[in-house]
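Accompanying notes for the structure given below.
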Amino acid sequence: MIVAMQEKATEEQIDAVIDAMEEAGVDVHRTTGAMQTILAGVGPTAGLDLTKFEMLPGVLHVHRISAPYKLAGRAWRPEGTVVEFPNQATIGGQAIAMIAGPCAIENREQIFEIAACVKAAGGKFLRGGAFKPRTSPYSFQGLGIDGLKVMREAACAHGLATVSEVMEIAQIEPMLPYVDCFQVGARNMQNFNLLRELGQVRKPVLLKRGIAATVEELLLSSEYILSGGNYDVILCERGIRTYETATRNTMDIAAIPVLKKLSHLPVVGDPSHGTGRRDMVAPMAKAAVAAGADALLIEVHPNADKAVSDAAQTLYLEPFEKLVRELRVLAEAVGRTM
Amino acid sequence: MIVAMQEKATEEQIDAVIDAMEEAGVDVHRTTGAMQTILAGVGPTAGLDLTKFEMLPGVLHVHRISAPYKLAGRAWRPEGTVVEFPNQATIGGQAIAMIAGPCAIENREQIFEIAACVKAAGGKFLRGGAFKPRTSPYSFQGLGIDGLKVMREAACAHGLATVSEVMEIAQIEPMLPYVDCFQVGARNMQNFNLLRELGQVRKPVLLKRGIAATVEELLLSSEYILSGGNYDVILCERGIRTYETATRNTMDIAAIPVLKKLSHLPVVGDPSHGTGRRDMVAPMAKAAVAAGADALLIEVHPNADKAVSDAAQTLYLEPFEKLVRELRVLAEAVGRTM
Amino acid sequence: MIVAMQEKATEEQIDAVIDAMEEAGVDVHRTTGAMQTILAGVGPTAGLDLTKFEMLPGVLHVHRISAPYKLAGRAWRPEGTVVEFPNQATIGGQAIAMIAGPCAIENREQIFEIAACVKAAGGKFLRGGAFKPRTSPYSFQGLGIDGLKVMREAACAHGLATVSEVMEIAQIEPMLPYVDCFQVGARNMQNFNLLRELGQVRKPVLLKRGIAATVEELLLSSEYILSGGNYDVILCERGIRTYETATRNTMDIAAIPVLKKLSHLPVVGDPSHGTGRRDMVAPMAKAAVAAGADALLIEVHPNADKAVSDAAQTLYLEPFEKLVRELRVLAEAVGRTM
Amino acid sequence: MIVAMQEKATEEQIDAVIDAMEEAGVDVHRTTGAMQTILAGVGPTAGLDLTKFEMLPGVLHVHRISAPYKLAGRAWRPEGTVVEFPNQATIGGQAIAMIAGPCAIENREQIFEIAACVKAAGGKFLRGGAFKPRTSPYSFQGLGIDGLKVMREAACAHGLATVSEVMEIAQIEPMLPYVDCFQVGARNMQNFNLLRELGQVRKPVLLKRGIAATVEELLLSSEYILSGGNYDVILCERGIRTYETATRNTMDIAAIPVLKKLSHLPVVGDPSHGTGRRDMVAPMAKAAVAAGADALLIEVHPNADKAVSDAAQTLYLEPFEKLVRELRVLAEAVGRTM
C-alpha cells in the first residue's frame, strides 16, 4: 500500500500514519520529496480495509499496490485451470464448451427435447433452473429438486453434464446428486456464506458476475471458494447494468480478456443474460468467442415464446443449432475448437 | 400493458400477438391508426414477464402501464405507514428517527459506550452488525449471536430499540429475541427467499436498496415482504454505484422523495454507506432530511479510526452529537421534529 | 405516443390531456378499460417533447411508440448504406475496413512511417488528430492544419484516404482539402450546430458515440447530419462510461449489432478508446468484427510508449500487423473479407 | 506519481521505468521491499498522461498522488471565492443566490412576467436560453440574440443580473452586452477551446458538470478558464447519468460538499435538470441547500406546461414563490441567508 500525505501534513501526522500502518502489520518505507511525503507499506494487506487510512489527518490518498486476491491470480497457476467433468468434458482448455438449456426446467418432455438438441449440436453441458426466485413475487418460482431429477435423467440419456443454480446453503446437499456444476447467480455473487460453503464442496462452481460488480470483486468472490480448497471455479460475464436500455444489460466483453489476463480461471460468456434479447444472442456469442471465452452459456427452449421465464432472450432450437455451426467455424479462426 | 406493432406488421402477426395476450389473461383493445396498430391489454399483469411479447414477430415495443407492485403503492395506504417499536419509538410519522451504531459490534464496552451516546443525543435506535461477510475472505467476519446479546443489553439499559442485519433465513429464528428490526442489506435486496420468510415474521424490516437496484425494484422487493402479511417495511436509500469515484457510492437523494410519492412506506437515508466518507456524512444527512427522509442511519464509533470495518465512513461520538444538534434545527425548518 | 392515465384520473383530466395531444398535432384514440384509460396518439411526434405530457394532472406514464429518428432508420434504406471514398475504398459493404493511425500527428517522419505500415497491412484509411484539446490545459494540443498537410502527403504517397477529427465549425473549411472523412469525437456527439454544418458538407462523417450517450441518441445525432442532405454517415462505438475501472471505458459491443438492426448506416468499432489499454485492443477488435462491425479504428504508433497522447492504448506497428493478419482469418469466418 | 512494479519485475525493467519518469521531468525515489519495488516520482505531473507508464513492461499500477488541477484547488484560495455582479449580487458568500428563468426565452411578455416574479421572490439573477440546440433536429431551436435583448431589458427593469448559455466561441462577442454571466452547458463542459476563450473574458462563467463527468474532470475544465486569468468561475451540479430512470438524471448531491472541500469555487445546484421532474424540484432544491450549495438554478415559466422546452421540469410561478419562502427558512437553519 501507498499513502500519499498532503503537502501541508505535519511530522506529527506523518508519525501517526506510520504508527497506524505498522499496527496493521506492514513495513513502512518513507520518501520525503520537496513537496510531499509518501509512505510505502509492504506486507500482508489482502484483508486490510485501506479506506480507514484515508480518513487519518494529513492523508491525501491511499492506494493498494498489490491485488487483494491471491489464489485467483494468474501468477498462482500461470498455465491456466482446466476444469474436468465426469462425462470427460472440460472447460478451460483448447476446446470451447457449450452450456445450454432452458432458464427454468418446466417438465420432462421439455428438458428431454432440449437435451437431445444440445447433444445433437455437439454441446456437453445441460443447464436448467430449478429454483427461480423472481423480481416479482407474483411470478412462477421453479420446480425445485423434482426438476433437477428429470434434468439429470435427460442429461444421462445423452451423456451431458448438468449445471444448475444454487440459491442458498440449504440447497447444496439435496442438489449434490443431480448437478455436476453449481451455478452461483449474479445476485449471489457476494453471498459470502454461500461461497464459503461451496468452497467445501468438491464439484465445480460456475460463478456469475453481479450486475454491478467489478472484475476485481468477481475475483475476490472466487477467492472465497478457492480458499476453501475447491479450485474448480469458472467465472462468467453476463452483462452489467449501465444507463443504456437498448439491451437489458451491457455485456462487458472486455471483461473476458481482462479476467483471462488477471486470473488462471476459465471464463464463460453468457450472451442470453448479457443482452436480454434473442436477436442479439448470436452476434454476442461470437464476440465472446472472438475475445477469448472458454465457454458459452446460452438459453434455448423448443417453444421459446412460451418459456415461463426469460422468454425474450431464449433461442428456439433451430437458430441455436445454426449458431453452433457458425461458432465452430469461428472457433477455428481463433485457433480453438468447439 | 401496451403493445405497439411495427408499421409493417401483418394482420396475421397482430392476431398472433392478440392471442398471446389473451392467453396471458388480459383483455385486448385494438387501435389501428394510419401507420401503426396499438394493442392495449387490461388485466392482471403484475406477475407477467412482458419482455416475452417484445420478441413476437411484428412487435415494436411493449410497455407496462401499471406499476408491477400493489401493496407497496401509495394508493394502498394513502396516509402513509407509521412503524411502531416496543420502546414507543416510531418511524414514518412527524418525527424524524435517528438510528445509529457501529458497523460491527466488537465488544461489550464498545457497544455500551455507543448506546449511551446515541441515547444522550436523543436517538431511539441502536444498530450494530453481528454477521459481517466481507468482500475479502481475509477480513473480520463478526461476533454473531453473542454480539447481538450484548447489543440487546446495551439497548435495554438505555431504552433503545435494536436493529441488526440478517444475512440468511437460518439466522432469523436465533436473532428474534435480540432485534426489534431486521435489516436486509443491499446485497440481499433480491434474496427473495429471505424476503418471503421475513414476510412471515411480525417484526419490522428495514430493506436497503441494492447498489444497482432501481426504485421500482426496491418496491418490488418490499412487495415480497408485504405480501406475506408483514406490513412494517422501512425502505432505505444507501447509495448506488455509478462511474463517480469521489464518493464510494452516489447517494441518490432524489430516490427519497420519489419513494415517498410512489409508496406509503417510510424511507431512511444512510449517508454513511451513501458516501463512504466520514467528512461527507453530515452534509448528506442534512440533504436527506431536507428531501423528506423519515429517519437516518448513521455509523458511529468511539474510536472510529480503529473500527474493524467501515472505519472511513464512521463518525466519532462528538461530531455525531454535533450533527444531531444541527439536524434538530433543520428538521424544524422543514416542519418536522427530531 | 401512448398516454396511460392513472386509475383515479377524472374525465376532466382525460379531456385536458386529449386537448393537449390534439394541440400538438396528433390524432387521439381512447381506450377505457375497467381500471384505466389509455390514449393512443398517432401522428408526427418526432420533434415532440413527450415528457411535458407526463406532468399533466392524472397522467401515469407516457411512452413513445415510434422511433424519434427517420432518415437514420433501417426502413429508410433497408439494403444498408455503403460509403465510398476517392481511393476506391468503401465502408459498409462486404469488406471490413481498417482505419488506423496515431492519436496525434506529431511530425512528418512519424506519419509517413505509419502510413507505410497501414498500407502494408492492407489498410485503406489513415487517421490522425490535428487538434487535440485535452482534459488538462497543461497537455500537448496538436499541430493543427500543418499536421493535416503532412498527413495528406503521407496518405497520397500510399493511396490512403484520410480521416481526422473536426472540433468546431470554423475548422471545417480549412480542413476540407486535407480530409476525406470528418470525424466527430465523442465529446461533440451532441454539438448540434457542428452536426448541422456537417450536414451541408459533401464528405463522409464518422460520428462517435458520446461516453454517456444511448444508441438512440447516437442515431438522433446522425439525423442532424442526414437531414442536411449528407447521407454518408458512419457510426462509431468507442466505449461508454460505467462503474468498471479495469478498462478506461466499457466497450458496448452489443451496440454494434443493435445499430446494424435499427439503422442502415455502417458501424465502426474503436477498441483503442473502447478499452484504453493496448493489451486489450486485439481481443476487442476481434469481438467487434465477430459482432458485425463494418470497420475498425485503431491507434498505432512506431514508438507507442512515447506517443504524445493516448500512449497506453496505442499499438506498436508490429503487433498491429499481426492483428490485421488474424483479423483477416476471422473476417472470413464470419463471411466477410478484410 | 507512484509506480508500483510487478513482483517479478527485472532490474532492467525498473531502470527503463526510472528513465521514462526522469525523461518526463520528475525526480524518482526508489523503495525496494521484500516483494515489490515502488517508484515515487516527485515533480510537475499536472500535464502528464500517466496512463502511458502503465503499459511499460513490469509495471503493475500507476497512481497520481497530487491533484491534476492547481488554480481550482482549495489550497490556492482557502477562504473561498465570492463572485460579484454589477447589480451588487454575489455568489459564493454567506447568502445563497437564486438564479431562475425559463429554459428558453420565448417572447417579450413571457420573460418580463418571469423577471417580475423572480424579483418579487427575492431572486437577483434571471436566466434564459437563447440558443437551444436540441437532441432532435425537429425541435424548436431558440430566439438567438434577439432573445437576449429582451431578457436584458426585462432584467434591467427589475435590477436583475442575466445568465445565458454560450454554445460556441463565435457567440461570445455578440452575447457580451447582454449577459452578466456566461453559462457553459453540460455538453460543452469539455469543449476546451470554448473554455480557453472564456478564460480571456472578464465576466463570470457558470460551468455545468457533464452528465458523465467526474468531479475531478469538472475541476480540470474549470482550470481551463482560470488559467486564462478569469477567476470568476461558478461550478454547477445538474445530475449525472446512471441506470436509474425514475428521474431523468441522478442528482449527485454529494458532489456539492465534495467540490466545496476540494475547491474554492462557488457551487450551484440545478434541481430542474438534476431530476427532470417538476414534482422533485422542491425537495432537491432543499437538499442542495442543506448540503451546502451557494446558489440554485431553477427553471420557471408562467405557463410551464406549454413551455417550448423542458416543460416537464419547469415550475409554475406560484409553486416557485412558495419554494423560495421555504428555502429562506431552510437557509437560516444551516446558518445562511437567502
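Which chain is which? They are A, B, C and D, in the order written, and residues in each are numbered from 1.
The criterion applied here is as follows: contacts are C-beta pairs under 8 Å (C-beta built on N, C-alpha and C of every residue); 3 or more make two chains touch, one makes a residue touch a chain.
Keep in mind that what you see is a predicted model, and the values were worked out from it rather than measured.
If you check the contacts of chain C and chain D, which chains show up for both?
For chain C paired with chain D, the chains in contact with each are A, B, in label order.
For chain D, which other chain has the most distant CA centre?
Centre of mass proxy via C-alpha means gives A as farthest from chain D.
Centre to centre, by mean C-alpha position, how many angstrom separate chain A and chain D?
One centre to the other, that is 39 Å.
Between chain B and chain D, what's the gap in Å when you average each chain's C-alpha atoms?
It comes to 31 Å between the two C-alpha centres.
Starting from the mean Cα coordinates of chain A and chain B, work out the distance between those two points in Å.
26
Of all residues in chain B, which are in touch with two or more distinct other chains?
212, 241-243, 245, 279
Which residues of chain D touch chain B in the complex?
Touching chain B from chain D are residues 212, 214-216, 240, 242-247, 250-258, 261, 274-275, 279-280, 283-284, 286-292, 326, 329-330, 332-334.
Considering the complex alone, what residue numbers of chain A touch chain B?
The touching residues are 20, 46-49, 51-52, 54-56, 68-69, 133-140, 167-170, 187-188, 190-193, 196, 210-212, 217, 220, 223-224, 227, 241, 248, 276-279, 304-305, 307, 309-313.
Would you pull the chain C residues touching chain B in the complex into a rising list?
For chain C paired with chain B, touching residues are 2, 4, 7-8, 27, 29, 31, 33-36, 38, 40, 42, 60-61, 63, 65-66, 75, 241-243, 245.
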